Amino acid sequence: MRRRPNYLAGAGSLVWLFVVGLPLYVMLAATLRTRQDYAENGPVSIPDSFTLDNYAGAFDSGFGQYFLNTLVVTGCVIGIVLLLVPPLAYAIVRSRGRTTSAIFRLFLLGLAIPAQAVIVPMFYLISEAGLYDNLLGVILPTAAFCLPMSALILSGAMRDISPELYEAMAMDGASPLRMFFQLVLPLSRGGLSTIVVFSALQAWNGFLFPLVLTQSDSTKVVTLGLYNFQTEHGIDIPGLLGAVVLSMVPILLVYLFARRALVRGLMGVGGK
Amino acid sequence: MKTRARLPRLVACGATLTLALTLSACGDGDGGSGSDGKIHVLVYGDATNKVEKQLVEKFNKTSDVKVVLDTIPGADYQKKLQTIINTPQAPDVFFNWGGGSIKPFVKAGLLMPLDDFIEKNPDLENKFLPSVFNNAVVDGKPYGVPMRGTQPVLLFHNKKVLDEAGVKPPKTWDELLDAVTELKAKGVTPIALGGGDVWPTQMWFQYLYDRVAGPELFAKAIGGDKSAWESPDSKKALNMIRELVDAGAFGKNYDSVKYTNAGSVQLVASGKAGFELMGSWYYSQQLTDHPDFAEKSLGYTAFPTISGGKGDPKNVAGNTNNYYSVMKKTKHPEAVAEFLKLMYSDDFVKAQLDIGNLPTTTNTKDFLDKAADPKYSRFQYDLVADAPSFQLSWDQAYPQKASSDMHKAIQQFFNGQLDTDGFIKAMQALPTD
Amino acid sequence: MTTQITSARPAAGPRKGARRRPPASNATKVGRPSFAWALPAAVFFALFAIAPLVMVAVLSFMTWDGISSPEFVGMDNWSRLVDDPVMLDSIWLTLLLTVLGVVIQTPLSVVLGVWAAGNQRNRAVLSVIYFIPLLLSATAVSVLWRALLDPNFGIPAEATWLFGDGNLFGEQATAIGVLAFVATWQFTPFHTLIYQGAARAVPEVLYQAAEIDGAGRYRQFFHITLPQLRNSMITSMILMIVGGLTTFETVLILTQGGPGTDTTISAYYMYDKAFKSFDFGTGSAIALALVVAATIISLIVVRVSGYDKMRSTMEGVS
């Protein structure tokens, strides 16, 4: 940008940095100090001890397995979303049929369904299907609840594809299938990475479905594992936050990776 | 145009990966009990699981029918249990709090009365302290075997803070009121309270009602006679609570303080508060978070007596113990009976004492010297063994479905949103079965 | 949406203001996908979201505690709800929190999003930090903020001039304030992402033209950036409204609806009825009412804003 720096915005951004950063600092600091230090001095104090025990403790309580399970769930949810949503969004944006617009309405309605509202019937559905205490039983509903938002996001992105490009391809006699693969998908990469980030977040932080639909250690996900640090009568805050920080790392990597994809997309357009 | 060709392949890769992962995911997972020659035991997930795992391993070495231990983490145990209890996914044996936590299951005919087991092996009853064992008796039949430790509620204090204010640990209610005045004058919050959790607030109600009216009032109320709440004793107990709150005993911001994030624990340890009424687990909490303080200045007494009260001053309140209950549909009752025997074995008692739990078996007293803190363990054990009545925490004595409304009423009476009559009405509206 | 970044729209004219061509050739059916493309997703969604919702609707006419078998009770659950003061209060609280959310978060995330859309390196780094709250699970957010707002050892103790005795969770007004604030803290990053993407998609030529006309930074913001963000604003607001009506986690983790019932919003009340009181019938009735309300409101927003017409306007442009 060639313009002079915007001091007001800069100051504002620093204020927001403080609001966002303080809790994050407290979180990080808490994970690196002993439980006693934290308890004696409170959350906003300057740490006077250093330890990595909180991270080690997370692994001791079985987090390796939980991570793996969460990874499987997240991978599968992303896979299902990527399989189902692009064709759906494509139809929503390009199809002119009444059926499609009815389907679009259905998904708009879906936005308004809170997961906890359907959890009881969901339990019966999943256990009837023989998927109780099976990761697949967590994956399917989690993916289903990612669909409405993903559809909204991706169809928004696809709307921005210039109609002229479709027309040009139609002139060449291209089928919808060819347009989808050669035009729509490449040009909505940004949207795709957004829905990947979105559904990854949903799956990674999902709590309610795993809670109700699994029970063994072998199917436990990270968010449930966090509860190991919480008992009926107390909580190991540094230990819990250590596990939280660990659990954030993979998803932060996904975000950073997707971010680079976004920027690359931008560059590609600019270079044309 | 290179990128355009890459995307479909990416999607294809994703699809393959999904399929592969999905298929591999289908392989594992075998929850619920079936006819698989296993007993599923469902417990509350926390640090005690260590002992339970050892126990299961030991049992599985000699038994043909294997035990599988399932845990449900923390606060959501009860919700989850209620969802699965009447489905094929229900366990064979499960952890509970006795009292109201199993009453609805008994009413629905889901649980196995344990008289048959006990007839064959009277030790399943005789080896446990009666006041504890009786809390899992519903309609005259036993439905649970104690399986962890007892947790009576005690009045803890910071010795240093009390000394500085010239206050002695109170033996009577009037002494407590005096202590409140003295501590307040010193600029200290007299009593720390994690009102944000509500159940710590409830502890004050439990003891006041028990001391003033005796355990009979609450027993009457939970038996379905709701007029108990309107009795003069009930109103007297409520007035005493009101008096204590209005005297500033808990400061002003107790509703923003939590016990579960160690906020109230820190208040006492740092000397900003004098007392805290809490379950016996408080000691190990302080020992973990504030070892220095716990060793030097943490004092504890039984709840003060109230002159003119109808309740025996030796009565205690709190969590009597946790219990294993058995589902009627279990396919391996003999194996379950064998498993339950372990709950009074010497090894089990020692292992529990080792991690700071206090089992309620009759042989516990033989091992008290080996406990993590013998003096503290003995104090508790004697307190519980001598108590004519052990009042189970209200929210556990009532059916689980009443707990939310009960907590609301307790919080609202404490902070003044409800008056005495309002509180009485709210308690009368609670379901008792 | 962030997605607009990659849009291949050639740096042409703006959406609005350009003369609309009649949609002649592009209304044809040539090369348009049939509804079959949407079918797999629709079936999947119907199976795992709509079917349970239908079961919820049925449950709302039953009484059920999860243990004994359910029984039909007609309109009992519904008529009890209509007279329930907690339910009525919860509706107002829900609306209040939703409105607070939109009013606080929209300007904040627009400004942040536009700011973060700049290409400066420091902005990129800061946006990554801004994004982090979105990654935290509900448990983590609860533990963090309850600890930070502890009246004796948290921020209120360091700033008594502002917080007084720090009884933030003990009074209705402050408890609602905390809820609105924490929701802002957690969800602003998401909406910032939306606006950041949209702001980057605003054609540079518009700013160049404005600069030649001598328009200052703030004039450009109000006359170019804001109008160009209109569609994103609608999307973001729909999400905020629907989110505000249906989320309950913030309440669950921070106040549990208290003190008393002072912060019991409808979604939390549903949870309270279903999973604490094990009255699944009443819980289902509240759930259904919520879904219906959220749908109606979002349909109204979609209609009023012309979001559903966007397709045709888009195709009319260029």
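Note that the chains are named A, B and C in the order they appear, and that numbering of residues resets to 1 at the start of each chain.
Criterion: contacts are C-beta pairs under 8 Å (C-beta built on N, C-alpha and C of every residue); 3 or more make two chains touch, one makes a residue touch a chain.
It should be emphasised that the depicted structure is a prediction, and the values quoted were computed from it without experimental measurement.
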Ignoring chain A, partition the remaining chains into groups joined by touching, separated by vertical bars. one piece
Chain whose mean Cα position lies farthest from chain A: B
CA centre of chain A versus CA centre of chain C: separation in Å? 15
Distance between chain centroids, defined by C-alpha means - chain A, chain B (Å): 36
Report the inter-chain centroid distance for chain B and chain C in whole angstrom, where each centroid is the mean of the CA atoms. 38
Which residues of chain C are in contact with two or more other chains? 66, 143, 147, 150, 153
Could you check chain A for residues that touch two or more other chains and list them? 42, 80, 83, 120, 124, 189, 227, 230, 235, 237, 268
What are the residues of chain B that contact at least two other chains? 83, 261, 266
Chain C partner contacts - residues on chain A that touch it in the complex: 1, 3, 6, 9, 12-13, 16-17, 19-24, 26-27, 42-44, 80, 83-85, 87-88, 90-97, 99-100, 103-104, 106-114, 116-118, 120-122, 124-125, 140-141, 143-145, 147-149, 151-154, 156-157, 159-167, 169-170, 174-176, 179-180, 187-191, 193-194, 201, 205, 207, 223, 226-227, 230, 235, 237, 240-241, 244, 247-248, 251-252, 255-256, 259, 262, 265-266, 268-269
Residues on chain B engaged by chain A in the complex (per definition of touch): 3-4, 7-8, 11, 14-15, 17-18, 21-22, 24-26, 28-32, 42, 44-47, 70-76, 80, 83-84, 87-89, 259-262, 265-266, 269-270, 279, 281, 285, 288-291
Residues of chain C that touch chain A when the two form their complex: 1-10, 25-42, 44-53, 55-56, 59, 66, 108, 111-112, 115, 118-120, 123, 126, 128-140, 143-145, 147-148, 150, 153-155, 157-158, 185, 189, 193, 197, 200-201, 217, 231, 235, 238-239, 242, 245-248, 267, 270-271, 274, 280, 284, 287-288, 290-291, 294-295, 298-299, 302, 310-311, 314-315, 318
Mind pulling up the chain B residues that touch chain C in the complex? 79, 82-83, 85-86, 104-105, 108, 110, 195-196, 198, 251-258, 261, 263, 266-267, 272, 400-405, 408, 411-412, 415, 417-418
Report the residues of chain A in contact with chain B in the complex, numbered from low to high. 35-36, 39-40, 42, 72, 75-76, 78-80, 82-83, 86, 120, 123-124, 127, 132-137, 139, 181-182, 185-186, 189, 211-212, 214-219, 224-225, 227-228, 230-235, 237, 268
